[in-house]
């Protein structure tokens, strides 16, 4: 059951300010419409995970951890490992987050991250098969939102991608269907590096990387995921508003460009 | 009981597995006012998709604190019947159903003039009885008609259709096998008269040129479907007028 | 936790009318006490199900779908297939149905349908055993209430029975415990055709097939399930009222008669 | 640890596995006022069945909107302890328990004079500590006494007993093996003085003549059990009178 | 989510009385600070369980049942049986108990009982292993609170221990990994008999076995579990108050003494 | 991917697996004010433990009926991230997490001056990002700082540390392997200035003399940790003063 959310808690004064600035292609924190806030990435901070990364975009802070376990493949892809993404809006991250089982926002978030990774074939799942139909590696990606100041989709996907790039799996042999772990590690086999770029529409302006105040009053959100070949791999419109067809065309063009520098940053120190 | 992987999705004549041309819609059947109790209802068949939509409201909302002072709340549930898919679907709501409920609600929000009914709720229940690809689009098409049937004012009808890529071709209105084994799927919803997009999702792999082609094709599909929606409404409206015309006495004309 | 339900939403005027008519053995829609509303059955409407049927009784509309899957038998019946009935009161069917996990009414409904089928041994479960104790067919019967205008028990059981009669299972061979599906279909092996007849008690009158308004003011509901041999296979009293012993005797007698014509109708076009 | 299937349910002398005649009840023990906190309570042993019932109320209801303006709401929970059955029962409520809770509540509704206590709730909690067939009937018998113990006015006691068929015979008060391997089971609840049925269920296979015989036998069983219920109430009432008689000073007589 | 509970329903008058008495090392029911109420133990009352016991401490009444089933061991103890404790606050036991899934109080209770048994190695779990890593006995201990008049922790642990001592398991042979049950029974292999002693702090007094009124106004609860060797095996402080370090030292000393006589009582008639 | 059982927990030099002496704390790092949105926050690293605490409140409580007329309600959730442990932790709350949430809340209750904020709630959220033994103690230490950071008045800081026994020795501040393979673990929380215990748990096996030794050692650990807490607060306070000192204009001084 999806329900119309309660309206923004941003004050009317602030709302007007943001709207007026947007009409002049300007933003409250002085950024241009196509600027991201400062992005910082810390890798490998959780030693007990196979891989981990913490991504900050401005004051938004997201942690992703990767755990590998042995399990069964899906019946329709018996020769592939399994990728599973889970996101939790931890209540420390925002006064509006509520406890309880994942709501539609965290489910949507997890599924967008999942689609970016899955559709771009980021992880080489074929290489994670041990015994077709019986035993494969399961890649658990768990995303914890630690502080919410807008643009969770980009921050979460970057954190997930950085955590995958940081992931080490034990060397192993397969002996008669049993996995025997050996000394040493290898990186997770990766094929692609999808990078989403998220836009907010405020008034008639389309701006990247909305911060929380901007999200609170945007009419529409649009995320364009771009893979390493400059192809679109995942798109999601969100919010209760509408977009002109040309908004989408503009966003696609900009995302293809913007994703290049972002990808360098994310792969960067890996 | 899993069906095999199809050898190719487009044959040597450029036709699809079900015989359609790349830009051809599946056969669509629309019916309005099919349920006894709902305030508005509609049924759509699109290929093998069979979807029933019921609308209740505007009505009182429980719990009371969920109401909004300046508009009606929209609630939307998209749900697949356990027998609707190849493998039986567990009756508990899946993450997929929860996400689709959200994007459908968001696709309808811009059209519904919810400001006319503050402190109420409009419930939109979408029951997918058989699923064969593109059910969120078909659900939006039928929900739009069910809202109209319930007498809820809208700025425009919402029309919806997907496009995508399979066998190297950009194609319209993917069915299940094309969705599963194809290269990309992009569901779009359009308020045709306003020329405004209210749903856009995509997964797969499209270069920017392919994206543009598919996006344009999907919007074209929406326009065709809008024609069918209007036709269905006319038929329903006519039906009502005729039936009302035959009533013996109708002083207040309601 | 079972709780006294909220009272009827039927208006007092209507209630009085129905009561007065009942006292004269008459009904609001002109039926006699022993008449069903028009019953329509559509079969095989869901191609992706192994079997399906939609049953209308007046404005009440119910769909049932049957899916077959392989699974494990119950420990106490290792050589029998498994039958499982699930009912959902979809919220499109009535303004009073609520979302959420099945409540006591839909659980009671599913269990009455289940008992009618199970106790009459309608499906020949022995023939659905592949490897005793290990592998059997599971017959999932899912019932969707699409419009509620009273008498859901009868409509649901008829729909379930019609869907079972409509069910096709792939031909198969068992080779070394593995099921190999082959071309062609066979019907589900059936032994019996249970048909329930439901009564409402209003005032002192007992009437079959109550419509919603009648259910709203009935004191008691009584369902008598009759099998193909004219034996009683399932009975359920519902509602907050009481019955005289002779009400039950009369209902049994009438149900045995009435079920014959209903059975012909349900098996009819199969 | 599953016990084997019994060879026959009725022996050559017409006796049942536990030595009873076809129309014989199991030994029944009834106690009233067994719990410290509940407003009313009762305990029943019937064969190996051991069931404890506690009643709270009439009391305030939460949430408030569940109240009814003209009567008390009845709430009833039937629950099997995890150790009550041959195989351990998962503590989560089963569909079986949910249905039984409902039919027990409906069996008690006609007896309770709920109109005396508008806007309140009467809670009836039935804990089946050991289950050996016919627990819903035994639960009703004890619940009836617990309601009386709580001082809640009733139009009549509700008495309850099952009949059925096993080994070709119509029999009274089936225990677990007869229920599981027999041909039919029919739980009945009767308000004996009013001669009104408040519970009736049946499953199995009975022709109309067998049905009539079993139904009559079950009602006869209810009448016998009512005798035991009255006796237990007398004993309890006497006990209270005697204890009150010994109190040194009791001006208001409460 | 743990939340500050609603305050006591004990009347102010009664509260004052209990406080005043406590200041003089006295109690409402005339007991000394170190006296338990009368303890009664009935064993073997549930024939369908492998073991059972009902323990009364004053008006507090608790039933524990033990069921044995075959299942899989935990991965980190492949050669040991599994012990699992579940407690339900049945709503008959108190006007304040609510329906629904176990809350924090019943979970805490179950975990304290569990720790007493587990940490003292009460059950010889090694002897419950059939095939290491594959098949072991699972010991389910289910605790039903039947009447709540205070000190549920002690009553529940005593009931669990008495039920374990009452438990009979079928004789069995292991043949090729399959368990074959044979005639006759054997007791559950036991190593230790942990006995907790629970204290309430009211004012500055520390008293054993608080009844409900005392629990309602105590600032702090302290449970000291002592094993058969006079060693401490489990401790739990509860409640919203605090303790002086010497309270704890005193409680430990007293518990070591007190547990001896209690142990004799619990093992007693076994 | 399970690590093997360690051969011995204390080596011939009396040192522990991680090189510590028996009464030595792990390295501790404390940071205050690390989150943007929370009213107060703190972060602790203690060995490999990494725990983040956020405090919201005093604020309005929903549902309203949960409020208390004479004090603030405390709500506390302790939660382990799925990637925080050797084996992935299922995201659903475990019984362990529910119990720890309770004992942490009870460890903080005596310190928080909740009577200043009737009809409100103070929410304490503890996110264990990496767990390596003693997380409930570390969580209490950080929660205490986060409460201070939120400006909530306290009677005393709550300091917390565990002691226990492993390899025959009484040791301080057990890490995971010592907890798992050792003989006893005893988490303690102490309000040092008031000399009052607010948390005490123990499991394992300790004779009364060992218990006394471990208990005393744990309290000593608490005192050391209190020193670190005060230092962290000073650093934070200084930081704030300095930053405020540089602001150009701050008339109201808030």
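Letters A, B, C, D, E and F mark the chains as written, and numbering starts fresh at 1 in each.
Just so we're on the same page, contacts are C-beta pairs under 8 Å (C-beta built on N, C-alpha and C of every residue); 3 or more make two chains touch, one makes a residue touch a chain.
Note that the structure is a prediction, hence the values are computed from the model and not measured.
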By label order, what chains touch chain E and chain F together?
none
In terms of mean CA position, the chain most removed from chain D is A
In terms of CA centroid distance, which chain is the most far removed from chain E?
B
Can you check which chain pair, C-D or B-C, has more C-beta pairs in contact?
C-D
Would you kindly tell me how far, in whole Å, the mean C-alpha position of chain B lies from that of chain A?
28
Compute the distance, rounded to whole Å, between the mean C-alpha positions of chain A and chain F.
31
Centroid of chain B to centroid of chain D, CA atoms only: how many Å?
52
Could you list which residues of chain A touch at least two other chains?
1, 99
Among the residues of chain D, which ones contact at least 2 other chains?
77
With chain A as the start and chain F right after it, run through the chains round the ring.
A, F, E, D, C, B
Within the complex, chain C is touched by chain B residues 1, 35-38, 41, 48, 50, 52-54, 56, 59, 77, 79, 81-88, 91-92, 123, 125, 127, 129-132
Residue ranges of chain F touching chain E (in the complex, touch as defined):
2, 66, 68, 71, 73-77, 95-96, 98-99, 101-106, 109-110, 114, 186, 191, 194-208, 211-212, 215, 219
Interface residues, chain A side, partner chain B - complex
1-4, 6-7, 75-76, 104, 107-108, 110-111, 115, 118-120, 222, 227, 229-245, 247-249, 252-253, 256
So in the complex, the part of chain E that touches chain D is made up of which residues?
45-49, 52, 59, 61, 63, 65-69, 86, 88, 90-95, 99, 101, 140, 142, 144, 146-149, 170, 181
